[in-house]
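Chain nomenclature is as follows: A, B, C, D and E, assigned in order of appearance, with residue numbering initiated at 1 for each chain independently.
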């Protein structure tokens, strides 16, 4: 039973404020933002040719090739930038697919209960019990590997976590008096779900969204390891890191894997930190003051 | 409780049937056929012979008939014979299930054994040294790709320190003692544990942190209990509950996710068998492995649910 | 009245939050004698719970802190600087506490018995068996039917009233000198509330315990308290004998409060206190009540009045400054 | 490692120890230590005699007489004799048996075109006496043909397998503890991980000096690590090869002799016959291949340019023809030629590969070259099975595939199968390139029954010429095979490793 | 006075522990209740927690469909209408909730919140008209216009309750169910809200069904009072009659249990024994008999009906006449 005396502050403003107090999360956000900016801007301002094969193969970093070249003489730095675009694209869109399937289903299951609940939740059970890596492999080989396939496959395999989150949250939100109030004021089911249930149960999904991105990037790199990830000549951090398949390369050609490894690592940590902060920010339990 | 187990089992069976249908359809959608194995430069097989074999194997039937046939046999305990390895699927899996369970369960246990004390310490003293240390470990764990961790471990322990073997489960030519298996287990287990360790530690830390501010903890303190009792008797058990749920969710990832680890360490488990089966389009084997892994996961989840119920008396009266 | 068991002087508790530090309770003074019931009333958020938690040293870790100039004397001993360890000998033993929400205040995963025996075993150092016997006895005393069977159950299997009885039994198990009840009946129905209040009254009589009863129900105060402390905005504004307070409230806030309560045999229009309780973080510089007070003067806005003594009672208002 | 144990690496796991069911080199070679063949290639193009002491060929080149050794015993002590050989022929030709190792029966009397018996035990193989067997062919066969096809013939014990139903014999429990005549006796296996053998004390060529032989599955990327950890003694380059990227590093490792050897395998293009129907266009494509760059980036320099199916080492390889009809990297001319032929430059062409590093390198280089000349190439990477089925369905414009290549004989390539066309005009199962010109079949058939050296030479030249000018195969590069042998293991015949053969009984451990 | 609403034999049961392999039990939350509500009157509902007060209110508004019974409004039985046909009536029937913190969607501005019903019923053609309506209602309940663009969490409980009232008022309702509208509020705020509700009723002449368990509040705002116990009405009378002359033993106990904020108020307390029985298997006969000190054999076997015991005074007790006060 607290009230805020601040003028014009809104829920989101408060959330932003709580988030800003989470220093590591701010750092995470900053890193991700800078990274995305670099990935967007660098190809425009620099002349990067990620797929250009040159005779200068397996070169250690020098002035012309900031991060050296790979076995085809392609510039590692250029590939790193383009690979980042691919990896982040896969990370983001595959979670988007998960959310796009999971959120509506979760809301329907939690709101209508009964048959919808049974069917959707059993389906989610089913998807979560299948060894997802096996199915990923099968699906990727059915659909032939490409960025779009990976997005689809990771998306289709990952929706149950969103359903569960949303479902649990909707169960409590639908009992809230404002939902009842909406009904007494004549709002239809669709309206209730969109205007009342969705905005009030979306916050765990937002958090799950950020945590989903790193895990999607990791899945892509794991599939790359099995040769089912992003295919040549396109670069992704996952398939670049795969250059480090053997100890020989790890110890003799660090420029081939350290950049991609560091990028994955930094991105994943930043996104995770950001997600952590977001969770605290969106969770009303962590009130400031 | 009995009724609950029954109910869970029945829903698990429904989920199980769903899984088999889905896997069967997907597996047969995969381009290529098991017969491709026979088509090789050395074979000189003819189209007619191939057709005859296809008919003999029943691969020319419509997919749903093949599926029902498979399902019928499965319920009779007959999982068929591997197309490429020519042994009953059950026998092939039986040979591999031990190593897989050994690997995934040991890494689950290891993850829990490290994550619980660490997460507890971190959640109990939040925003202190131990919390930051555990956070770093957790984030690193969550952010490092599995195969990469495996390589680093190999590099450090097998190459630099020459302490541990890198491949297989036994020494060459030896039939294997427990100690030997253990030695071979360490690296794959560590590699597999790393990621889950991160997730578990975070989970434990957060739930501990939340439980510490619960009202009953205040009550316990108000009774004059010392901190140790408050922590171990009152808080820990409640804080473990979300971790148990998390462990249930991770079970599938752990059993199925062992594929890469098994591959790198040539661990003779079901993961490598599965990869091979997929490569060879060995449908009975693909199905058999999927069935077994899903059954393990489903049973594991039931067991975890039961543990959860034993720890949390509230649930029993709710459902 | 009996010996003085508790003496709180100049208690100030500050909270450190991300947006700054603010006092949740400031300059609280009151005393408690053995066998006496002191009611603390006030609006939500005025610092009633924080006061009691400060006495128990149970403020949330790292956030709440008692300032050094505060003094809490228990039976003459200064306990405000006690360490956690020293306090744990007092808690549950000499000073006990009952919380409002009995469902969350009991550990959901432990049986009632397991929770009941703890104070016995910790403070009286008796064996588990004896502790169990004592616990069952105690539960019987608080009116739980068939306690031998019920102790094996979990808190969620008890009704709200039953749980509150368990809480009270647990608090009283070591015969404490002070029992702090933080809104023990707010969540309960009136008929159950009456039972519980009667039980507290009876046990208090029997054990000669001093009780601090925190509530915001003036009815409960009128019926159970010996003395009343009215709080507003983190401070005590009026401390008086129960009868005197109700018949002759001095502080404008107390007056307003009493006037805004509907009377059972009178349905004339209610009077109200206009305005809102200011937030603790931006309390007026002077008297905390000045924004809503009809007698407010410039001085009130600038200066926070101290507690003025008026015979047996104390009031925090310049209108009662000596010589006025 | 144990001083009396030798560990050999395989990069893939075998399916079965049953030679009848073998479909891959791993299967053949995992069973190899315990099952002897009649003859083996000796690594120099000659024969090394095993169960067969010598053989004779009748004057009409239609009867093969096998003279068997008399001192051979099965691992269980039973003597080996002609009955076993006849039994094995009958088993292989059995109609109920599903096997892909029946090639050697093609042309044997009493068998149909696929090598399946016409009626029960109709295969015409006769026991002359206990140690002599005659095999009758319906058409004349050259010595080379008879031998090349019999290479995959593994003799099985009659006394163990007699009376078993050929339809289910592949699943028989016998294969979990097989009995052979070879230098090593089956000891144990961890499925998918390793198989362990113990030396056969009664081996007819003398008991092997190495007590225990262990074949272990190790991922290619882990081979160098295994070497560093001393967990492997032999990486033979064909069953396990050190990745090119690691080779330089492997050569620096102490205790091993890591070596790149010229191999015979080759990667080649398969052009979709329907899209690229002009020989000139196909030639232009060949000229667009920057093989040097491919060798550099795909094999770290450890590779050779390849022009035909006959590896340079092969006695039938004809350098003159290559010089005359071969082509070198010449993109300008190639583009000219394409323009002349009215090649569509606007379309994006697709090439399909599996995820082998060499093939990826080939495609990457090619794509880069193409791009420089305004041609658009899209690379589609699929798993091997999918890749093959896409070839069958002609889903893409080109594929890159690989073959073992021919080492010593003219027939070893198995090329004939790739160009098979049924009587009905249907493509054979392995004719993935959809070669529909019957000339190829004819030449190959003639080669199979050619008996004189001159004839063989003429026909192999013909084939090489056809390959360079007409076939829709374009040979690209042949990577070397990267082998490593631990210093303590001596007596390994390196040449034999190329043909996946092993002279186990000569191996020794030297500390 | 005219009858506004007539409730006949209203029953609501919830299935509990139902579903799988378990015979589902029934929880009868509201058990055959009948009463009328007059125009412009306030009918109060008191009773212990869980006795079905809220359920009754919701059933009348058809937020949850009653299991059986009739709710006649304007001559139409609302229970027989489906959701679509019900819509036109919704605007006359409004509700104010107990928890002012949970009854406003935290993600909508005050303007949206108050405007939502107008929107849903398309009562305003233009946005100007909507604004006009909102402004009007704000003036009535004392909401200043600069609140409109803020979010609910920026307001205190009392202010929120005003917003909730404004939202109900904008529809020109004729009947408002108030489910414990002031129990979450502090004493000093409570009086503001109560005064407001009373003023509004005088001005607009609508009827309240006012649920509460605080008898002093009920006494202040109510005209008639119904006492509920385990899903049934045990007593229904005008306020004066009930307070001066409680007939049912439960009502008597309830009255005696209320703490009165007056030190001079002296009375004899009657303490009730035990707890409220579970509504899943209520006692046979009279539901109150397990806690009633006058209980006799009749009470065990026969369910008492609501009988007229005085002028406008109904009670459901076999012993009514026999109890001496």
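The rule is simple: contacts are C-beta pairs under 8 Å (C-beta built on N, C-alpha and C of every residue); 3 or more make two chains touch, one makes a residue touch a chain.
Keep in mind that what you see is a predicted model, and the values were worked out from it rather than measured.
A.B. asks: By the touch rule set out at the top, what is the minimum number of steps from subunit A to subunit E?
C.D. replies: 1
A.B. asks: Applying the document's contact definition, name the chain pair with more C-beta pairs in contact, B-D or A-D.
C.D. replies: B-D
A.B. asks: Compared with subunit E, which chain's mean CA position is the farthest off?
C.D. replies: When every chain centre is compared against subunit E, the largest gap points to D.
A.B. asks: List the centre-to-centre spacing of subunit B and subunit E in whole Å, with centres computed as mean CA coordinates.
C.D. replies: From the centre of subunit B to the centre of subunit E is 54 Å.
A.B. asks: What whole-number Å value describes the gap between the mean CA coordinates of subunit B and subunit C?
C.D. replies: Result: the chain centres lie 53 Å from each other.
A.B. asks: At what distance in angstrom does the C-alpha mean of subunit E lie from that of subunit D?
C.D. replies: 88
A.B. asks: Indicate the whole-number Å distance between the mean C-alpha point of subunit A and the mean C-alpha point of subunit B.
C.D. replies: 23
A.B. asks: List, in ascending order, every residue of subunit C touching at least 2 other chains.
C.D. replies: In subunit C, the residues touching two or more other chains are 44, 276.
A.B. asks: Please list all residues of subunit E that touch 2 or more other chains.
C.D. replies: Residues 156 of subunit E each touch two or more of the other chains.
A.B. asks: Among the residues of subunit D, pick out those that touch two or more other chains and give their numbers.
C.D. replies: Those would be 221-222, 225, 228, 382-383, 385-386.
A.B. asks: Spell out the residues on subunit B that touch subunit A in their complex, using ranges where they run on.
C.D. replies: 11-12, 14-16, 18-19, 22-23, 26-27, 29-31, 139-140, 142-148, 151-152, 154-155, 159, 195, 210, 249, 252-253, 255-257, 259-260, 263, 274-275, 278, 286, 289-290, 293-294, 297-298, 301
A.B. asks: Spell out the part of subunit A that touches subunit D in their complex, as residue ranges.
C.D. replies: 51-53, 55, 57-58, 71-73, 141, 144-145, 227-228, 231-233, 243, 245-249, 251-252
A.B. asks: Given the complex with subunit B, which residues does subunit D contribute to the contact?
C.D. replies: 1-2, 5, 7, 13, 15-16, 18, 21, 23-24, 98-103, 106, 113-116, 152, 170-171, 175-176, 188, 190-194, 196, 212-214, 216-219, 221-222, 225-226, 228-229, 231, 382-386, 388-390, 403-404, 413-418, 420, 422, 426, 428-430
A.B. asks: Within the complex, which stretch of subunit E touches subunit C?
C.D. replies: 48-49, 156, 158-159, 186-188, 190-192, 194-195, 198, 213, 215-217, 219-220, 243, 253-254, 256-265, 269, 271-272, 274-276
A.B. asks: Show which residues of subunit A lie in contact with subunit B when the two form their complex.
C.D. replies: For subunit A paired with subunit B, touching residues are 122-123, 125-126, 128-135, 137-139, 141-142, 161, 214, 218, 221-222, 225-226, 238, 241, 244-247, 250-251, 261, 264-265, 268-269, 272-273, 285.
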